[in-house]
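Chain naming follows the written order as A, B, C and D, and within any one chain the residues start at number 1.
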Amino acid sequence: MNFRSDNESPAASEILAALQEANSGHAYAYGEDGITSGMRKRFRETFETDLEVLPVATGTAANSLSIAQLAPAYGAVFCHQEAHLHADECGGPEFYSGGAKVIPLSGELARICPRILRSAVAKMEEMGVHESQPSAVSISQATELGTVYRPDEIREIAGVARGRGMGLHMDGARLANAVQRLGCTPAELTWKAGVDILSFGATKNGAMAAEAVVVFNKDKATGLARRHKRAGHLFSKMRFMSVQLEAYLRDDLWLQLAERANRAADALSAGLGGLAGVEVLYPVEANEVFVRMPPPLADGLKEAGYEFHLWPGSRDHYRLVTCFATGVDEVNAFLALARQLSDGSEGK
Amino acid sequence: MNFRSDNESPAASEILAALQEANSGHAYAYGEDGITSGMRKRFRETFETDLEVLPVATGTAANSLSIAQLAPAYGAVFCHQEAHLHADECGGPEFYSGGAKVIPLSGELARICPRILRSAVAKMEEMGVHESQPSAVSISQATELGTVYRPDEIREIAGVARGRGMGLHMDGARLANAVQRLGCTPAELTWKAGVDILSFGATKNGAMAAEAVVVFNKDKATGLARRHKRAGHLFSKMRFMSVQLEAYLRDDLWLQLAERANRAADALSAGLGGLAGVEVLYPVEANEVFVRMPPPLADGLKEAGYEFHLWPGSRDHYRLVTCFATGVDEVNAFLALARQLSDGSEGK
Amino acid sequence: MNFRSDNESPAASEILAALQEANSGHAYAYGEDGITSGMRKRFRETFETDLEVLPVATGTAANSLSIAQLAPAYGAVFCHQEAHLHADECGGPEFYSGGAKVIPLSGELARICPRILRSAVAKMEEMGVHESQPSAVSISQATELGTVYRPDEIREIAGVARGRGMGLHMDGARLANAVQRLGCTPAELTWKAGVDILSFGATKNGAMAAEAVVVFNKDKATGLARRHKRAGHLFSKMRFMSVQLEAYLRDDLWLQLAERANRAADALSAGLGGLAGVEVLYPVEANEVFVRMPPPLADGLKEAGYEFHLWPGSRDHYRLVTCFATGVDEVNAFLALARQLSDGSEGK
Amino acid sequence: MNFRSDNESPAASEILAALQEANSGHAYAYGEDGITSGMRKRFRETFETDLEVLPVATGTAANSLSIAQLAPAYGAVFCHQEAHLHADECGGPEFYSGGAKVIPLSGELARICPRILRSAVAKMEEMGVHESQPSAVSISQATELGTVYRPDEIREIAGVARGRGMGLHMDGARLANAVQRLGCTPAELTWKAGVDILSFGATKNGAMAAEAVVVFNKDKATGLARRHKRAGHLFSKMRFMSVQLEAYLRDDLWLQLAERANRAADALSAGLGGLAGVEVLYPVEANEVFVRMPPPLADGLKEAGYEFHLWPGSRDHYRLVTCFATGVDEVNAFLALARQLSDGSEGK
């Protein structure tokens, strides 16, 4: 069983069925087709507002395009030091923006702390033209440690951003998990809380390869379509991208899929947390469980075929990620083995 | 019936079936999966050589990445003025390369003329540091006018490039049509003729969204994987991209699909060329037919539901594009109507 | 005697004297000094309007910064194919803008033709997101062939630009020569005719190394100071740059220097034009004289120590450039020799 | 008296005299002149090796160009978090490199610690293509806190860099002060210790506006001349830039000027360090003195007309910078006043 990453999950059967259906005859290219306009409508309904949405194939593309909309080449973007766009995208935001600076901030549970943010921005502003212009803040929802921001926390960060003329971006690679967990509407977690641009993720939660840049603040959409095209993300057969997103949002499929992942994470967390010598490190608010675990226990589980990552830079912190396809039986079997291995080592 | 563009064609059923098959359980992300290594092997077999291959979702991405491998930011790329990478990609190559100059050349039938190329390169070199450094030549196979380069023509251009220290790129968005038409091996049309990097197209000829950067000259592969990642083209669920390419090459599917498209173009060309007042403008060497046609005839066909483009900047030049899904019956029905409309107008 | 380029002229004694004077004790860095504010005031007086002015050390920097202000990375800039920013700056505008496309236009006497411009812009706009966004037009005053635009000609081009939402840039590397020749005010030739941003040149006409970006349309100044800094053109000891510009404008020194250069060009043109077999190719409207001359005559002059360039791509077109330091006696001596060599060859 | 920055110092009289001399008649443009070749020769003599040298007008340009030579767009540069190129250049290195990441490191006395460097590089390498490629290390000599690296310390850092395929850059904005202080040869402090590219500073120490990129490792010089040109740093009247550098190096003027600055800093440090309540914070190894000082004392000195900076982010840390033009009498007068103000407050 693979607990390495939701990136390694299959596609949901509903998504594949929709792809199959979309494949009938010719359709206008580059998004002029009916499926794409239906998808756009679906996004507007889901988020209860007017918006612009452009499909892309990866989260790196969504994040990098979003940042390029908010930060000029001479701008700076503030994010948490664990943020994917700083630590895992090989300089994508720097590339798309033409060399904006990404400023990593510390903060508990992989969340930006408004006080630290405020002070970093102020320090940069003091430097005038000798430093980049504070232009954007980016938050991850859920975060890289599987925690989430509540609407009022987002609002506070949005307030700092707004007050200094900066835009607010949300990396929503796991937005579905956060929405499902918090029981908020998608609107409450995004534009109503001050988010200007959202990287909307679907791939980790059931799509084959489909993410989207969603612009709530239309003032920030200037040039987006051309950036999207020149970066090679304007698909000729757009309908096949759009239909994945359409099916994902239809009948709340995305939230149902996320619920399965979240429930599996809860079960993992509860089960592992009850073992001697195992500590659940952070609140499980999405579909990721971080535990401190004796390496022999981890090794035993791995030998039995379970896959999960040792957290980079650590000796006994492990990350387990669930997904919509994680079965209840699989979690139970995993926990049973963990208990057995744990009891065995206890007894020695 | 849609003769507007092969970009508007459906996906081949073999490709969709392969996608379905690939969707079983978890698979390692970012290309570490077995389907992707199979796809790489398939490319090496098809081109009869060692090579690097990276899937991307669009031709713009393939072209722009390829150019960035061959031309530094201070470099220049020579191509035909009709070339997609100059005229239809919103500055993608300029973006990816960090501002290299794309130099459009004239030349008959949308093909680069070695003499014109040589002279343009020489003129630039004379300027020394006051001009960009001639770094790459890019040819389209088939060209934007549906013509092709023979292996010896490619070799001659490669010779000019090699002689000035430049690399040779081939935009193979319609490579299948050219290979099928010329009866050469893929190797003969590419690396054996001097091509360093190929944009390998599959989307126009049956894939859903799958192209690839293929590097024959490994000296030119430095940094490609990171450029690919930071541009947002490293798919997490890579298997779904790879399997399209794998199925496309398996059992020569790509050439069979291209043959259908080419045959349909031949039939269209023969039929239209026989009509009074209609002139086939260029040799039909792939799946595109360019004709001069009386606008009333074109209008009549369009009124009957046939779709095709007036060529930009012209009054009576039309382009008709066929694809693997263009039926023989459809072509016959179209031609019958054309004859009827043409006779009617003749008689007047 | 050097007729190769005004780039090879010395600095005017007035400029050097001003530098000497500016060198007294400490002064605030980065433009916070009194000399710089005086320079800014002088520019506002000279151009009779409010404006922003930033000194740079080269014309390439002035042009590239200006273009980056007017064209986003996904934009396009239209200029004459002879324009320095297209043909002689090694992709500077592409670099500064992050990959905007520079579109070279044909046009007589190195001047943009409004009709050709209009049609090129329209063609690009038809392509939508598949092409860059028409963003700026750049004209050279005086042009690369030593001709000038009249105010109404500039206004017409500005009208085309304005009508399509584009900005107008003027490369004024030889603005002084044009102003002096036309007898207009600097205002009439620039912002009153619709110029948004000006590359103001001083180096070719007496400064040591001093040019400036002058922004008339403050809406186009966003981010300029930071672009200027990050490109390495914000001088710490700014006063030494500013004082060159201040002295250049003071008491109309710039126009007096330009007058000397223009008069010398007139004398050259009149003298050479009177010789058998020599043809002055273009109206002499600044300080450049282009002639068709028998190569043996040119060789004879060169053997006697006179230096001037054969025009790239030509066999018998020569360019002679004068400057403020070109002496009347030198021109006369040159012409006397030319006459003598010409008569000699006639007699044979 | 200005102790704010050596950026605010005048030009040395020897430099201005050289400029005056260089201004005789025409000279070939863009560095084809005799003064420039003399300057190149002088650099080779001074550093006792073959090298490439390109003048630029600012330290930002020198640093940014250097980094672009060492780091591709997908690369990463490691430097101290206080380094000018990270904290004071508005993203210049990011701009020139096309979006390389600058990674700030902690380290005592503004110096890179080899252990911290090694660990940061290793962490990045583990990420593979998900992170930028470790490409360069940059050290400042002297550092932003007025400390210096000894040759063996540089060698150790160079060893880390070399071992991971990275280049080593030195920001030598105050190289003269370091060379003078350490009594090493320029060669020992640079290429002999493993430096590939040097930003050679002259402006802070007597030039008007003259720095240079010096490439010791010719393998790293590819494309430099064109980058220099397209960034707008290739001066047409190059001789005026070159002559400043030539005069600066001639007869060890640069070291004599640095000695005056260093001696003045020593005197300041000794004098201030003897006062009650004043603490010299770091070893004074160049021409900068950092002290903790009671704010009332600082205020008293400022009221008397002395200028110096409160260190950003601090309440009672002050920086005093000396230069070649700082007079012994001025330092003595300043110290006398400080003593007097200090005694007065003591007595209360």
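We take it that a residue touches a chain if its C-beta (ideal position, glycine included) is under 8 Å from a C-beta of that chain, and two chains touch if they have at least 3 such contacts.
Everything numeric in this text was worked out from a predicted model, so none of it was measured.
Q: Can you tell me which chain lies farthest from chain D, using the average of the Cα atoms as each chain's centre?
A: B
Q: Could you see whether A-C or A-D has the larger number of C-beta contact pairs?
A: Here the pair linked by more C-beta pairs in contact is A-D.
Q: Between chain A and chain B, what's the gap in Å when you average each chain's C-alpha atoms?
A: Distance between chain centres: 35 Å.
Q: Taking the mean of the C-alpha atoms as each chain's centre, how many Å separate chain A from chain C?
A: 51
Q: Taking the mean of the C-alpha atoms as each chain's centre, how many Å separate chain A from chain D?
A: The answer is 42 Å.
Q: Return the residues of chain A touching two or more other chains; collapse runs of consecutive numbers into ranges.
A: Answer for chain A, listing residues that touch two or more other chains: 30, 73-74, 89-91, 94-95, 98-99, 129-130, 132, 226, 229-230, 234.
Q: What residues of chain D sit close enough to touch chain A in their complex?
A: 73-74, 76, 87-91, 94-95, 97-102, 123, 126-127, 129-132, 312-313
Q: For the complex, give me every residue of chain D touching chain C.
A: Answer in residue numbers: 2, 4-5, 7-11, 16, 19-20, 23-30, 56-62, 64-65, 89-92, 94-95, 203-204, 208-209, 226, 229-237, 240-241, 325.
Q: Across the complex, what residues on chain C touch chain A?
A: Listed in rising order, the residues are 30, 72-74, 98-99, 129-130, 132-133, 223, 225-230, 234.
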